[in-house]
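All chains are identified by letter, namely A, B, C, D and E, in their written order; residue positions are counted from 1 within each chain.
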Amino acid sequence: MSELVLTLDDVVAGYGRAAPVLRGLTVTVRAGEVVCLVGPNGAGKSTALKVASGLLAPRSGRVLLAGRDVTGLSPQRLLGLGLAHVLQGHSVFREMTVAENVRLGGFTVRDQARLNARIEAVKELFPVVGERWGSLAGLLSGGQQKQVEFARALMLEPSVVLLDEPSMGLDPRNTQVVFDQIDLMRRTGVAVLLVEQNARRALDMADLGCVLDLGRVHISGPARDLAADPRLGRLYLGGAPAT
Amino acid sequence: MRIASRGLPLLVAALAIAYPWLVPNYYLVYAGALTVMYAAMSTSWNLLGGFTGYVSLGHSAFFGLGAYGTGLLVVRLGVPWVVALLVSAVLVTVFAVGVGIAAVRVRGASFVIVSIALVSMMNLVVQGWRSLTGGSTGLQVPSPFPGLHRGETHMVFFYLFLALLAVALLCWWHVSRSRFGAGLRAIREDEDKAESLGVPTGAYKVAAFALSALFVALAGGLYAVWFGSLDPIFVFSILIGSYMVLMSLLGGVRHLYGPLLGALIVAPAGEYFLIALGETQIHLTATGLVLVLVVLFMPDGILARLTRRRPGPSIPDETADQRLQKVTP
Amino acid sequence: MVSLLLQGLALGVLTGGLYALLASGLSLYFGVMRVVMVAHPAFLFLAAYLTYTVHTTFGVDPFLALPVTVPLFFALGVAVQRLLIARLAPENLAMMSVLLTFGIALTIEGLLGTVYTGSYKSVSMEYATRSLSVGGVHLPYDKIIAFWVAALTLAVLFAVLVKSRFGQALRATIQHREAARLVGVPTERVAGYGFGVGLATAAVGGTVLALITPFFPASHWVWIGKLMAIIVVGGLGSVVGAALAAILLGVVEGLVLVTVDATWATMMFYVFLFLALLVRPQGLFGGRLAHRF
Amino acid sequence: KTDEPGAAQSPGQQQGPVKIGISLPLTGDFSEPGKGIQEGYQVWADRVNAKGGLLGRKVELIFRDDASDPNRVSSDYESLITQDKVNLVFGPFSSRLVIPAAKVAESYDMVFVEPAGAAAEVFEQGFTRLFYAAPAVAGDHYNYLADYLTKLPADQRPKTAAYASLDDPFAQGTAYGLRDKLTAAGIKTVVDEVYPPETTDFSPIAAKIAAAKPDLVVGGTQFEDSVGLVRALQELKVQPKLAAFSTGPTLAEFPGAVKGAAEHILSPVGWSATASFTGNQEMVKRYKELFGGEANEDAANGYTVGQIIEAAVTAVKCVDPVKECQDKLAGHIRQSTFDTVVGPLSFDDKGRPEQAHMIQQYVDGKVEIVLPEQARTADLVYPKREW
Amino acid sequence: MSVEGGSLRTEGLTKSFGGVLAVNGADVELRDGAINGLIGPNGSGKTTFFNIVTGMIRPDAGRVLYRDREITRHSPHRVAHTGIGRTFQLCRVFPRMSVLENMLVAVRRTRLRELLAGLRDAGEVERARHWLRRMGIEHLEEAEARDLSYGQQKLLELAAVLMAEPDLVLLDEPAGGVNPALIDRITALVRELNAEGRTFLVVEHNMDMVMGMCDHVIVFDRGAPIAEGPPSSVREDPRVLEAYLGV
């Protein structure tokens, strides 16, 4: 059994003074494993990732990284410990060029040679990054921005990745690229916590699935089993199971 | 609760009407009239700022133009003061439409800057156009009621400003519950979205701008005939404009009575600081600090603090299990 | 007439350089932080007064005050950002910051008036009253010094903002704070430093101002309108645009002053402002990013 | 209302101290001259009280701060007259505030002697109780200098003059007073500039003057702009034969602010510390005792107001805030001549003083009175040294 | 020309940003009364096409005709008044207004008297509730829009657009970020509304949704249509396979 990498343990978290969004969430992701979180809109999936990456301090509960309690550490510290997070929605630096955006992904990487190598790799994966290298990221189309974002996240070589709907707004080709990359990460021993609304597709490739609803993990188990459950399908996954 | 919210405004209105008869001397009538003037102006400022979120620090431009317009019509053309007041208010409104068309093209911070520029510009024009306005020597407007002694004049103007305040409040209230008002609020939230839903944002903004300029111009015109001396530097002062903003913000820009409440607090407080700390300029510091504190701790104003916060959306209480049960075939 | 025009032109360019320096901080706060800093001129005069104090108590050249005022203002800027600006809600940062900094400006003015009284102060140096004559055109030394100090400061500022790691981190922080934190930028510290840099330019600007004009606590009001006009004409947020607009307006002002009169010269700032709005609302040199739908 | 016109006076008011209400800019842009006038008033009150008061009643001064805001100045006088029920009011500072203040005083029938409202317009409002307690209105400040220049032999007489003036009724009044007289005498105006108060850069104005190469430079200035102008003229190497500025050079900060350039600059001044006019030396001495420094023109003007009121009250023997008494006071002031620290003063029917200002010049770094003959402490230096 | 050809038609629509040709001479014709799909790779100009049609961006060249009336360069609110409604790729609502107010703002009115009349006209409120009910968010009517979750905001945006009773509805990625269960609901709704006679143009990357819902699919590449037809034929089209579906 592989080493335990990221654990959210009985986390309660919320925004401001409002009622908590997460009400005792427990999730574990191991190295070389993709765990997929699915659930209705507003269930708290993004919130869970924010707690894991240190953007939001939990009200109670713990976050463990490689067995170490990292609850309440800042994102920079967690980044130093090898944890990266790609936000939901559009989070490019709009008034900076694509180049600056991608380079900023490696803000903490001091090794220029390594950085440049990764930039070349990323340009290969997403041609638009190379083509629009000098233009402002905010001027790209929705999907193009998403690609830049993912490219930015690839600048680091983290051991744990949190991905919040990485395929949203991407065309089929780019979606495929993203899923391929996730697969590649898994194979290189990275732990991936994936939130996807493209749920059938995601569950298809994930090892483990968790259905999050009302702030708790409601059902978890091997991803394929979840996808096959017709009740879950009706409630969370929509349509008929993909063939 | 309901009685309180209905009864309170009536009580306040009654008190306001009785005020000049309750106070022991004319100075307090004068101070009251000044406060009511500020209340009327910040209420009309709020017609623009509160709905559309366009913060104008330069509304004193319309105050000054209303004042000079009225004054010049009375002095240079010998028009009766009421006519002068109305004509100048209409002219200022027309002018505001023109300025508005240019000014509302920019959003947020640029608009603030443009509004500041407007005051400075009007100050330069009025100061420089000596042959018409008297320039820096100012303009002296004869009293409209030569028969009344000074105290009685204050009484008259107290009621005139009170009437203006009432009209401004009524206008705000009416707009706030109209489609037009909803469109203005939509502009504050998301202009492009509003536009795509069919709100002619440009026209709405200019209309709100002009409407709010109209009342401020009326206040300026009344001020001119009441006060009698106009000096460009002081009627076109950024401070007067900022007072309108401060009062509105302090009271709460989303409430009908917000600016009024703000005026009732700021005007006497300013007086207090000046008297208590007036020996040095430290009273400016006091005012500045109050402003800082308001912005930091009451960005939505006193009334927003007092009225209870909106309840969040109801979170469904059923558990996921129950939901699962429901879909079980 | 030709020599008069040349003289006006030369003075305009030099003054424009000074304007560029004074406005650079403003467009930095705005461009990089979305803060409309009405208190910038007040800080300029705070710096001028400090320069005055250093100059009169130690009898040294006003520029020797810079090693004191620049770090001090940097620290002050960090404090202002961390303690005040950072607390504003991001939804309406631009507007609330106007009011907040307006309050700060009043606070400073009141303190200056209390400490230094309302009377005029000035710093005059021997070299500040002489001038360089080139073909009938006189270039006052104080203005030349101001121009070069401005150019130097702007060059440093530009390098810091556009080229340095810090500058990138700063811009990233402002554009998407969460994302910036996630790539490892210490956002709070960076935002504080950014504001500090802006105020540091005020320290330099204040020293130069002290050298070339007498001042009293309320002097800052005069500058707000002009400097704001410059940064709008230049394109809100573009430091380079502001510098170009400053030179442009400086020259226009200089030429109008020598041909028409002072009222019209000041008016030019606002005329250009409104022209810019009508023709290019995003400013002559700025507004690279249109709104995305 | 307790302040209804004609309301009966409370008996206490007939005794007790004589209350005098004053609004001054104690803060804000004009706080410095405001303070000066306040000190002048205080020195006067101190002297009167030491002598036993006005009509045997102690004098009590009530000050209000108006921060140079016309709105406030009105409310101040309004509240002083109606709430504090003062017996007399003294004027505020700056031409811009005198008119609104005088309006209030006029409407409550109060005599209004003021130390700082020299602009021509002040006297055109039809005020019947306003008097300006200084030697001359703005337009007459340079009268002695105009005389001097027009009487110079033709070959020495300046041919051209440049005027630059702040857009302010007082400052402009002084410069234009001189301009009108010189123009009449055939001295050509080559530059005539007016600049708004917010002007900070004077080089272009100086450039215009430089291009015209005038013999004479006259500034209708206050402090900041006088310094700015002098510096700019110096930088652009304008070397007129004579330079005169109103107000700025009379302040103690001036020579420091322009460094060596103050030498031989002229300016009109209404008062001199060395003059031997009635009570002047006593005032200088008392001022030093009370405030520790040297008295200045502002203080002297304040003091003058006191002297005039004192003489009038003593003459008509009443000091009540009622129409009859105030009428009597005004009537007396209009007809009499008063001996004051700025010399003998009398007023025309509009309240204008009918004397003239002296002319001062920096000679060897010291302020000297150079005109008129009878007050002279040094000879006028003409043409001036280069700056 | 008859209306039969289609409600919305563009001729040679072109728009470039700096060096980027976003829309390149696009000739598009929508099927009236149908659900039209618009698909294409990222950056192929779909959103820009929407923006030009709705007046938010001015085209460099070309014409937009709606029911044979030219609406090129009309301001967005005028376009809205001709009966075209749209949603945004990144969903946009008025965050600090209640859900009901969000709906009422969308009512199309032009006459001054109507503008000054009370907002909460009983009939309009009833209509708004009707739409909210159909979206399943009627219980949120008093909540402020910013308190809604992403998916709920998407539904609100759609409901608000429908409130204006447009004849042509442009949807930009209605399924992006939306839970699959909700997508089914949106699909059903669109079908239902279409049956009532509204025309739709839907940009979407979710192929299941597009293929399952649309009657007619237009494929964009590099700013212009490269293929169109019923879903089944488009899916097989080699050009589409190469440009879009890939792999």
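We adopt the following convention: contacts are C-beta pairs under 8 Å (C-beta built on N, C-alpha and C of every residue); 3 or more make two chains touch, one makes a residue touch a chain.
Heads up on the chains, UniProt names are A, E = ABC transporter ATP-binding protein; B, C = Branched-chain amino acid ABC transporter permease.
Since this is a predicted model, take the numbers as computed values, not measurements.
Participant: Which chain's centre, taken as the mean of its Cα atoms, is farthest from the centre of chain A?
Facilitator: D
Participant: For the chain pairs A-C and C-D, which is connected through the larger number of C-beta pairs in contact?
Facilitator: Higher contact count goes to C-D.
Participant: Averaging over Cα atoms per chain, report the distance between chain C and chain E in Å.
Facilitator: From the centre of chain C to the centre of chain E is 46 Å.
Participant: Between chain B and chain E, what distance separates the C-alpha centroids? Give it in angstrom.
Facilitator: Centre-to-centre distance between chain B and chain E: 40 Å.
Participant: Quick check on chain B: which residues sit in contact with 2+ other chains?
Facilitator: 124, 127-128, 192, 196, 280-281, 283-284, 312
Participant: Quick one: which residues in chain C touch 2 or more of the other chains?
Facilitator: Touching at least two other chains: 113, 118, 221, 263, 266, 293.
Participant: Using the touch definition from the top, which residues of chain D touch two or more other chains?
Facilitator: Counting only residues that touch two or more other chains, chain D contributes 27-28, 31, 167, 196.
Participant: With touch defined as at the start, can you tell me which chain C residues reach chain D in the complex?
Facilitator: 1, 3-4, 7-8, 11-12, 15, 113, 117-122, 124, 126, 128-131, 133, 138, 140-143, 213-216, 218-219, 221-223, 253-254, 257-258, 261-263, 265-266
Participant: If you look only at chain A, which of its residues touch chain E in the complex?
Facilitator: 39-42, 88-90, 128, 132, 135, 139-144, 146-147, 165, 168-176, 197-200, 234-239, 242
Participant: Please output the residues of chain E touching chain B within their complex, sorted ascending.
Facilitator: 54, 56, 75-78, 80-81, 85-86, 88, 92-97, 101, 104-109, 114-120, 139-140, 142-144, 147-148, 160-161, 164
Participant: Give every residue of chain D touching chain B within the complex, in rising order.
Facilitator: Interface residues on the chain D side: 1-5, 26-28, 31, 64-65, 67, 69-72, 74-75, 78-79, 82-83, 95-96, 99-100, 103-104, 107-108, 119, 121, 125, 167-169, 172, 196-197.
Participant: For a test of understanding, state which residues of chain B touch chain D in their complex under the given definition.
Facilitator: Listed in rising order, the residues of chain B that touch chain D are 24-27, 30-31, 34, 124, 127-128, 134-138, 140, 149-151, 227-229, 231, 233-234, 274, 278-281, 283-284.
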